[in-house]
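Consider the two complexes below, in which chain A is the common component and chain B and chain C are the respective partners.
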Partner chain A sequence: MGNSNTAAAPAPAAVNSDRGWRALFAQLLRTRHGSLGAGILIVMALVALMAGMIAPFDPLQQTQTSLSPPTAEYLFGTDNIGRDVFSQVVYGARSSLFVGLGAALAALLVGGTIGILAGYFQGPVEAVLMRVVELFQTLPVIILVLCAVALFGSNFWLLIAAVALAIWPMEARLVYGQYIKLRDREFIAAARVADLSTAHIMFREILPNAIQPVIVQVALDASIAILIEAGLGFLGLSDPDMVSWGRLLFVAQDYMDSAWWMSLFPGAAICLAVVGLNLFADGLNEVIDPRSGGATGGLQ
Partner chain B sequence: MLRFVGRRALYAIPLLFAIVVLMFSMLHLIPGDPVQALVGDYPVPPAYRAAIEEKYRLNDPFLVQVSNYLVNIAQGDFGFSYQNQRAVLDLILERAPRTILLASVSFGLAIPLGMLIGILTGTTRRPGVDKFWTTTALIAYAIPTFWLGQLFVMFFALRLGWFPTQGIGPLVSRAQGFAWLMEKLRYLALPVLAFGIHEGMRIARIMRASVVDTLSQGYIITARAKGLSRGQIIRGHVLRNSSLPLVTIAGYAFGSALGGAVLLETVFTWPGLGLLLVDSIRLRDNMTVVGVVIFSAVAVVVMNLVVDLLYAALDPRIRTMG
Partner chain C sequence: MTAQPILLDVRDLKVHLRVGPVLVKAIDGVDFQVRHGECVGIVGESGSGKSTMARAVTRLMPNVAIGELSGDLKFEGRDILAMPDRELRSLRRGRGFSMIFQDPLGYLNPTQRIGRQIEEALSRDDAAGSDKARVHALLDEVGLPDPVNLARRYPHELSGGQRQRVMIAIALASGPQLLFADEPTTALDATVQLQVLQTLYRLHRERNMAMAIITHDLGVVAELCDRVYVMRGGKVIETADTVSLFEAPRHDYSRRLIELSARHHNQEARA
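And now, the complex of A and B:
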């Protein structure tokens, strides 16, 4: 990553117009992974948005029967105090998807900014910023988030910030790598000669050319964020007023001997969301960088 | 080579220093009151509060506390856990071997498993095999380890009764020799399986990508032109060259695991560092929290150093560059 690429290749066509994005999405839907991933994500987003219409019960409302196994009325059974697990899983999609997306975007903002600054400016700025990134990468992620949440509380927005805290260094490294690769290319030198402003070069010249792998990383980050959110919920550290899949598993931990359904369905929901995001990222990668994608290697 | 090691080691010191200061600053921002946490839900007598504050020097200025703490750490004193009424270092030394055992056995399973699947899927001529394992790895990687742990407990421990549901051993054990080992293994089996499968699938994904990349290199074509057999090429060229990215990622993951597999240890009530950290956070036992975090950071830094050395050993180009 550290070597600068001075090859005189022309700047690749950047996807910066509205039509470019639409074409990209259409291409994405033509890949097998991409269409499957996008399908899963769209269904999940719809479930989260229309939770009130889909869930037969209020997720916090106690029904007549506690610890009921799955039946026609309670599709996923009921929990220890009689809440309908299906309704909880449906409402839980909101918390997980929101934290996943929010944390990934926050990480993009923070990591992206730092990556751009470190990648564009050489010398001390680069050195200091990359040492900070390294510091955050040295601490084990879950421990970092755990301490942050334990210290500052589990308010919903703080939760997003804490999860973002864990994933921004990856984003920073990637953007940084893209920038040092591009900063010595000829079209950038040309822009300097043309006396364009630093901000213009950073955001209008380099950014469009650097952004594609970053988008893939955002999708992967969102999947990691969902896993971290689930982990925090499982430790009982998520916002107690929000229904979340991780929190359902935290409650299920005490009823493993009597209610397998309390653990099975929320966990499966987490898996589905993470698989969906990973497939989506795979598909994107395939479209952006056709060499990498589903190409099967094979030693003949 | 020795200079290379020395430079990397020196590099780790400011990093550790920064981590200690960062952790200490974070702890200072907490709203909670450690004296109150110590007493519980009772009013604190002023005289007692004064005595505690005096004893643990809670009222010193922030910088004085940090520098005192750094000096103490340098002397091997990680402070005192007033929740456990024991020295933090004792607690860590008691818990660490259990976490190291869990992590080592899990990675001992995960690394060969992942490499095998990665090489198989990367080199296979049958797309069906590749597709099957790639899909399996994708799904297995999406499963949170703690949920996999719950499923294992519900199925293998509660339904089939093959393994204990939690802990590291029976309260009283008279088993010796081989029987003792088998007993330990029964307790290890489920957490290791959950951890090993997750990490193994991650390694498999990285290994596959790396193998595919290696296969596109010119020297593979040369090797084939020389008439080497499939097995010879895989053993002689693919295996070693594809392992480099694996060393970095597995090394970092192992380092993190040494700091405590927090979620997994919670599922199985495995009394290692991870569980100690979670309990200490709940009880606001700050000295212990900082101690465990520093320990995990050291584990990661040391593992990164080991990774660098392994890298240099595997790839001579790195040695000559440094």
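And now, the complex of A and C:
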């Protein structure tokens, strides 16, 4: 605890004067949560990108021994048909992270657009759009995604769309709330009086003020998306041509009592990714307010 | 001064607001004139309708349920109430009227640099050099040192007095003939108040710009204004030259205001 505090102390407000992304990231690394989360995510991203170099086997290649416990050759053991679990977990990072980020960004795009429109234009637009959001919110997430996958098949891209479908209402509500709050602020009224275009006010005046909690929410959404993707994989609904952590668990459930390594390592990977994203989001939350002087306070 | 033609002419202005089921007569039949290059004070207690009047005249009344808005409002002979929005906007953007407020921070976008926010308010038809140069000139004119550096700052990095000066620069960017100042110094501390008022007065003289200062501080009025309107309960109860108001107030309420203010200033001087 003392470590991060002393690191943050010397230059509390100095970074604030010129706020680029780089300054923000530097500040983020000075918080405990942020640095830990960013570290985990960076390692995971590297593993996903260089899966071909890290994994000793092709994830679908069968080796000599099946159901081998972890050894020096097979770090995480092998599964029921002799595939190396370590290689599978490494390749699984690709699809899991991709689904997580892809679905979170898609949800941001859809939810953000609807939230902006509903929040900025009052009246009928707001009423109709927000009822649609509520409709999606009341449906149980997993049923929604199951229906989507059952209807359209478990193609990888459709999977991303299905997960995004489940999480976009949160994004929409958040953006909507921000716009409702900011729409009536004096400086927005001033912008209207200054005869700036509606699009200019929506995107140049309000958006930069609304974006901060939204960025945090995207990071949290990514972790939820990874969990949903894992859940789908566990139900056997993920793309059969892709290795994913959830799918590994799905295969592993029959061997839970005899081959613990088949479920432990993919499960731990899911857990690590979700924890990493949540820590990252926490760190972002601490540093992202432009008026807070440096990365003090919060849960340091 | 008396020979100047009338710039803003308000006759029988009525603003009735709907607050729940109740109809509040915020402004109830007010006559109000500002001549070219004149400085007018509007004084009164809170809720006397002085801010509402300024907002009604500039047609800046968002988010209130208006029960009735009537009267004869003429700016340079043009009817403000009947004016289509486009004409009104061009009046705000160029050589019309501007307004500054009590709380400058609320009117500044926290995520935009000062320079850009002033740039947005510049009148469009003007061919007076590049936007950047005009912004710097405005910052200089309102008495802010080092305009180049300041234009790159964000609102939260400025002091209260600096923010109010930035607001004044934004208000001046359209080259208004009439500036409404709604309690321009209430949120500032005493020494800064004086500096900002001096700046306003200098701009009023240099630009030959008419000003309407809304305040509850009679000291401000005595220093700056040529003429005073005393408002109470949505009505103008007395209007007079500043000198004659202070020497011989006709209305009982005005006299009490002046006495109170004098006592207040004496106390401050003693303290």
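The definition used in the following text is that the second predicted complex is superposed on the first by the 269 of 300 C-alpha atoms of A that agree within 3 Å, B and C clash if a C-alpha of one lies under 4 Å from a C-alpha of the other, contacts with A are read in each partner's own complex, and residues count from 1 in each chain.
Here, a residue touches a chain if its C-beta (ideal position, glycine included) is under 8 Å from a C-beta of that chain, and two chains touch if they have at least 3 such contacts.
Since the model is a prediction, treat every value here as computed from it, not as a measurement.
Q: Give one word, clash or fit, describing how chain B and chain C relate on chain A after superposing.
A: Aligned through their shared chain, the two binders fit side by side on chain A.
Q: Identify the partner contact of A:L264: answer first if only chain B is touched, second if only chain C is, both if each is, neither if none is.
A: first
Q: Please name the chain, chain B or chain C, that touches the greater number of residues in chain A.
A: B
Q: Using the touch definition from the top, say if A:I143 reaches chain B (first), chain C (second), both or neither.
A: first
Q: Who does A:V274 touch here: chain B (first), chain C (second), both, or neither?
A: first
Q: Does the superposition put A:L235 against chain B (first), chain C (second), both, or neither?
A: In the superposed model, A:L235 contacts chain B only, not chain C.
Q: Taking the superposition as given, does A:A191 touch the first partner, chain B, the second, chain C, both, or neither?
A: second
Q: Using the superposition on chain A described above, determine whether A:F156 touches chain B (first), chain C (second), both, or neither.
A: neither
Q: Looking at the overlay, what does A:L135 touch: chain B (first), chain C (second), both, or neither?
A: first
Q: Just to confirm the geometry: in the superposition, how small does the C-alpha gap between chain B and chain C get, in angstrom?
A: When the complexes share the chain A frame, the smallest chain B-chain C C-alpha distance is 14 Å.
Q: Common interface residues of chain A with chain B and chain C?
A: Residues common to the chain A contacts of chain C and of chain B do not exist here, since the sets are disjoint.
Q: Which of the residues in chain C end up touching chain A in this complex?
A: 60, 62-63, 89, 92-93, 101, 103, 106-112, 120-121, 153-154, 156-157, 170
Q: Can you check the complex and tell me which residues of chain B touch chain A?
A: 15, 18-19, 22-23, 26-27, 29-30, 122-125, 127, 130, 138-139, 141-144, 146-147, 150-151, 153-154, 158, 165, 208, 211-212, 215-216, 220, 230, 233-234, 238, 255-256, 259-260, 262-263, 266-267, 277-278, 281-282, 289, 292-293, 296-297, 300-301, 304
Q: Given the complex with chain C, which residues does chain A contribute to the contact?
A: Those residues of chain A that touch chain C are 17, 184-187, 189-191, 193-196, 205, 208-209, 290-291.
Q: In the complex, go through chain A and note every residue touching chain B.
A: 134-135, 138-143, 146-148, 150-152, 223, 227, 230-231, 234-235, 249, 252-253, 256-257, 260, 263-264, 267, 270-271, 274-275, 278-279, 295-300
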